[in-house]
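As structure tokens, here come the structures.
In the two assemblies presented below, chain A is common to both, partnered first by chain B and then by chain C.
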Partner chain A sequence: MTTLAPSPPVETEPARRASSPDAASRRTAAKQVGVLVAVCLLVILAAPSDYSVRIATLVLVYAALAMGLNVVVGLAGLLDLGFIAFFGVGAYTYALLASDLHDIHLNFWVLLPVGMLVAAMLGVLVGLPALRTHGDYLAIVTLGFGEIVFILLVNLDRPVNITNGPQGVLGIDLPSIGGWEVGKEGVFLGAFGLTPTMQFFVLATLYVAAVMYCALRLRDARLGRAWRAMRESEAATSSCGVSIVRAKMSAFVFGASVAGGAGVLTAAWYGSVFPDSFLFSESIKVLAMVVLGGIGSVWGALAGALMLVLMPELLREFDQYRLLIFGLVLVLVMRLRPQGLFGSRSPGIRAPGTLGNRIRRRLRRPTDRGGRS
Partner chain B sequence: MTTEHLLVARGLAKRFGGLVAVDGVDFAVPERRIVGIIGPNGAGKTTLLNLLSGALRADEGTILLDGADITRRNAAQRAALGLRRTFQNIRLFGGMTVLENVVVGMHAQTRGWIAGGILGGPRVARAEQDAFDTALAVLDALGLGTRVDHLAGSLSYGEQRRVEIARALASSPRILLLDEPAAGLNSAEKRAAAELIRTLPERYGLSVVLVEHDMDLVTHTCSTVSVIEYGRPLCAGRPAEVFSDQRVIDAYLGTAVAR
Partner chain C sequence: MDVLESLPQQLVYGLALGSVYAMIALGYSMVYGVLEFINFSHGEVFMVGAFASLLTLTALTGIGGVVSWGPVLLLLMLLAAMVASGALGVAVERLAYRPLRRSSRLAPLISAIGVSLILQNIVMLLQVRFQGDSRPQFVAAGEVVPAGGWDVLGVRISHTAGLVFGVSIVLMLALGALVTRSSLGRSMRATAQDPEVAGLMGINVSGVITRTFLIGSGLAGAAGCLVALYYTQIDYTMGFSAGIKAFAAAVLGGIGSIRGAMAGGLVLGVTEAFAATFMSAAYKDLIAFALLVLVLAIRPAGLLGRKTLERV
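Then we have the complex of A and B:
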């Protein structure tokens, strides 16, 4: 491609890189998604009760959200505190267009991409002004955006009833394939059977598998490299020919559409949506999953979701001490493994001083002792 | 200005509030030449480089790259047109491998965005393969062949400087702006850097703009040197002439004061 005189042609040393980078990334992603699907299969076979399958489905929904936010915060380094709004917009897209509220009953498989698209478009709309701000300011702008969406969901029942306000939307349609409705009744083939709950678990597994594949592929692709580079130095990244605004916007829009799709899925699963499910605290919860699991790690996002969904359930017997113990465990994990469960420690070059990076540095500090104090 | 000048700047000016950092600088870089910019601390050298690279927008003046007006292009667009730079304080992507650092530098040579990144396809795969091959070849040529899979942040200072140059070189730029490439290097590394820079135009067919304090390095590499002081051009010429010019000596050492 270029004439780089002094070096020998690369063809003479095939041992350096056995396969093409694209094929290698494709294989890595497929393998890891395979592991995920296998684990989900085991869960469904081993699950002792419908209740545990429901919890596992919830883990998967949050895992999808955390994987989406991980691209925004972890790869691109943009602290988004209003992420749950995109989830809400997806959920309401399905709720309004597939329920008795407006007597519109569009198909789930049509609305899944529509929900993702609506969330993505909203991402562009918010991103245009927000992504021109930096670091902490971006966090504040996204925080405000999240609040606006929540307030709209609560108040858009007057003068024309669009969202049905605080009462939420009930009686949302089940997804259907052909004439068969997912989650209506159990399907049994001899000894093997899928209860309605399990059917939604399968649907969630498919969605998370798709999200995981996309996230892993993007991470190692041209765009993902630009994201990771941008997180460390915007000046150097733009000097490499990368349009910073475009790269940021892409991360934002990708994360938004992942959350939008998860929203559609969740609305169909629950059969009802309420504005309260999309409060600021939910954004923080997903962010906590990303940080706890390890910023930038796709498996970490899953681990964070697993921990933050399972732990409150497992701690039920502690009754009023539940949240206390929950908080203590979180503090301990961050103290003992500041890079997160699946995070790797990056070397000593200081990343730019965005709030996200500062949080990360602060969290990392305890293990940095010994170098200098 | 004749067409053999690859990069031409006319009447460049940049003010920060009341401070005039660059004040009417004319500047031309011929094809395949190394042009030095020197001047005392605070003379506006780095600001000039930032104006050329597009990191800063000029208040006045025009910049032409190969005859085309790039004054209104931003840093990323100029980089894609083959105008590349390094930084005085090294700016590598420390958490990425050396190879990845260089491939990020080849953004304009690689393909695919969201859909292309997920789905791949022959065009994307081919471009990726080419980019990684070229990056490996450039890293080999700069003596970093054994470091390709190391994290950039784990390398020594001298190696990091070379990775930064490799990152710019791999995209086959037309012109390379080096901001104090010898800063922080020991004398052996400095000699190696001088040798590397001196051979760049011939090996890679590009021009170099070198902002540097190290007189030895400038003397050994540059065909012409421009001196700026207080943001204004002081004089220009061959290194030996410039360094013996009384005005330059005064600018660096201060004028003699009668006691």
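Then we have the complex of A and C:
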């Protein structure tokens, strides 16, 4: 994302001061991604069963989605209610171009960027009306788009079979590196073995690490600052010379391509896709992760994914009540802790997450921002 | 020329459907006018209205047929639906929206999504609790409205379609009179223009908001009752798509405008009915959403809406 926002010809800040926060941001991002990878490594080493690795992989997939949506909703303040459509488009891109359905078998590594690109293009399409509508209208437009994608996935089996309709696509190819297929059989390095599930876990870890690095770096970059400024006031941001069109579009495109890539990964992992996986309730689930973890916080997105994936696993007998609980969580979090469990609604440009700052922020009275200005 | 011959017939279906959309759309539009907030749970309020009318029907006809005369049944069902939905709408506003009135724009919308999940699942769980499953419910509309209909110039207008159209027109005219003639209507319009100044002029803004929710939700409840009679089948998920489409109708006509909501509802209903004939029925929902996206992309303020300047 280097092409965005060309730097103004007259830089009032000395170059020394301008470059040092960038280096600091790079260091923190790298450090935080390092922590994530280390934790994931521990999960592999300590996982008691293949099943728990599966759950951990699911957490990572949702974490990637939540981090992508977090950029759109949390940083840019654009409520997207059809986010899962991008995930679906990515998953279907891989499913249709790497399975027996159309007898096309393209490589995973080719299709990963393709899936991201297709999702990004859809993101641009969704973003177009977003440029002219604001706030709540946008939420409905994205919801409409999500429903349109779902209806198309279900119904595009006639007159020409493209998506195979409600039956979904089965027998999707495994990703391959050279001649070796990820997830086919165990790989052994001496005494230590990687089961097929673990291999996908590693793949998901790499993906989430990449997404997390981009999200952290973008947050501190010029573009990320523009997003956060736009979230607070579109008019003020645009009067500071920030292109609102570009800022909105890039938020949508980033979120969409992250979700598209996650879709490709998930389709390859599951080996099958069904339209039902991309219902509105899934969009809400990802939104709930972002909101619960903390709107605008990258680690919050991860924490939200962890909580909402583990919750139904731990409360199996309450499965019926899952959506009811989601609803209650959304309402209660908005009422009691609108910034989420780990989030900060500090409008400041940098919101360091150190313990001292967090305590200080808690002591400070919440700013009373007028609902309608 | 089968398709062309069926056009007048589709127009009748479309108008009946559209008047229901219009009634739900009015709730969105009124709330948006006053609070500038999309009441996402409005569709669920409509769904609860449908269930309230079904419960009333079952209760009244079940035990030895306490009431069996159609018009009285209808009146009681409508009343029950409107009271239940109206009360629910007010309660939701108190509990989930009012505390968030001073927070960011995102907060009440997310809260509303939460409310909508809660209402849907409560109805589902109650159904499971008392019936063992959550299948769609059959509504014995025959007890209320006699089957059959009128033949007008070769077009069949079923009694229920006529009822839906008639009741919704009466209710919408009543609303129109309320908003333009009564003092409540005047304070609603004042609040919609500028809540702060309206408050300074002695209008109880919170009271107006409560009444707006009461009226809008009551209309949605009536729509729920009419849909239950018209389609004779209701389920706990019906609020979602009806709500979205009614919102599309409100936006289509220009949100915040009452006449716009009525026009938008009718246009959407007729479009959908025609789309179902000309294209496959599977794509009729797609038409509604595509229309919504298109209108918002081209005329963000809706067909009849005026462009408003964003206040800073």
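One rule holds in what follows: the second predicted complex is superposed on the first by the 304 of 373 C-alpha atoms of A that agree within 3 Å, B and C clash if a C-alpha of one lies under 4 Å from a C-alpha of the other, contacts with A are read in each partner's own complex, and residues count from 1 in each chain.
Everything that follows uses one rule, which is that contacts are C-beta pairs under 8 Å (C-beta built on N, C-alpha and C of every residue); 3 or more make two chains touch, one makes a residue touch a chain.
Every value quoted in this text rests on a predicted model; they were computed, and no experiment measured them.
A.B. asks: Now for A:160: first (chain B), second (chain C), both, or neither, which partner does it touch?
C.D. replies: In the superposition, A:160 contacts neither chain B nor chain C.
A.B. asks: Between chain B and chain C, whom does A:323 touch in the aligned arrangement: first, second, both, or neither?
C.D. replies: second
A.B. asks: Quick check for you: in the superposed arrangement, does A:287 touch first (chain B), second (chain C), both or neither?
C.D. replies: Second partner only, chain C.
A.B. asks: Between chain B (first) and chain C (second), which does A:144 come into contact with in this model arrangement: first, second, both, or neither?
C.D. replies: In the superposed model, A:144 contacts chain C only, not chain B.
A.B. asks: Examine A:46 and indicate which partner it touches, taking first as chain B and second as chain C; both and neither are also allowed.
C.D. replies: Once the two structures are laid over each other on A, A:46 reaches no partner at all.
A.B. asks: Which of the two partners, first being chain B and second being chain C, lies in contact with A:235: first, second, both, or neither?
C.D. replies: In the superposition, A:235 touches chain B and chain C alike.
A.B. asks: Return the residues of chain A at which the contacts from chain B and from chain C coincide.
C.D. replies: 233, 235-236
A.B. asks: Under the touch definition given earlier, write down the residues of chain C that touch chain A in their complex.
C.D. replies: 36-38, 95-96, 99-111, 113-118, 120-122, 125, 128, 195, 240, 244, 247-248, 251, 280, 282-283, 285-286, 289-290, 292-293, 296-297, 300, 310-312
A.B. asks: Which positions of chain B touch chain A when the two form their complex?
C.D. replies: 53, 55, 74-77, 79-80, 84-85, 87, 91-96, 100-101, 103-114, 116-118, 120, 124-125, 128-130, 132-134, 136-138, 140-141, 151-154, 167, 171-172, 203-205
A.B. asks: Over in the complex, which chain A residues touch chain B? Could you list them?
C.D. replies: Answer in residue numbers: 1-10, 16-17, 20-23, 25-26, 213-214, 217-218, 221-226, 228-229, 232-233, 235-244, 250, 253-254, 346-349, 351.
A.B. asks: Note which residues of chain A are touching chain C in the complex, please.
C.D. replies: 73, 77, 79, 81, 128-129, 132-137, 139-141, 143-145, 147-148, 151-152, 154-155, 158, 233-236, 280, 284, 287, 291, 295, 320-321, 323-324, 326-331, 334-335, 338, 345, 368-373
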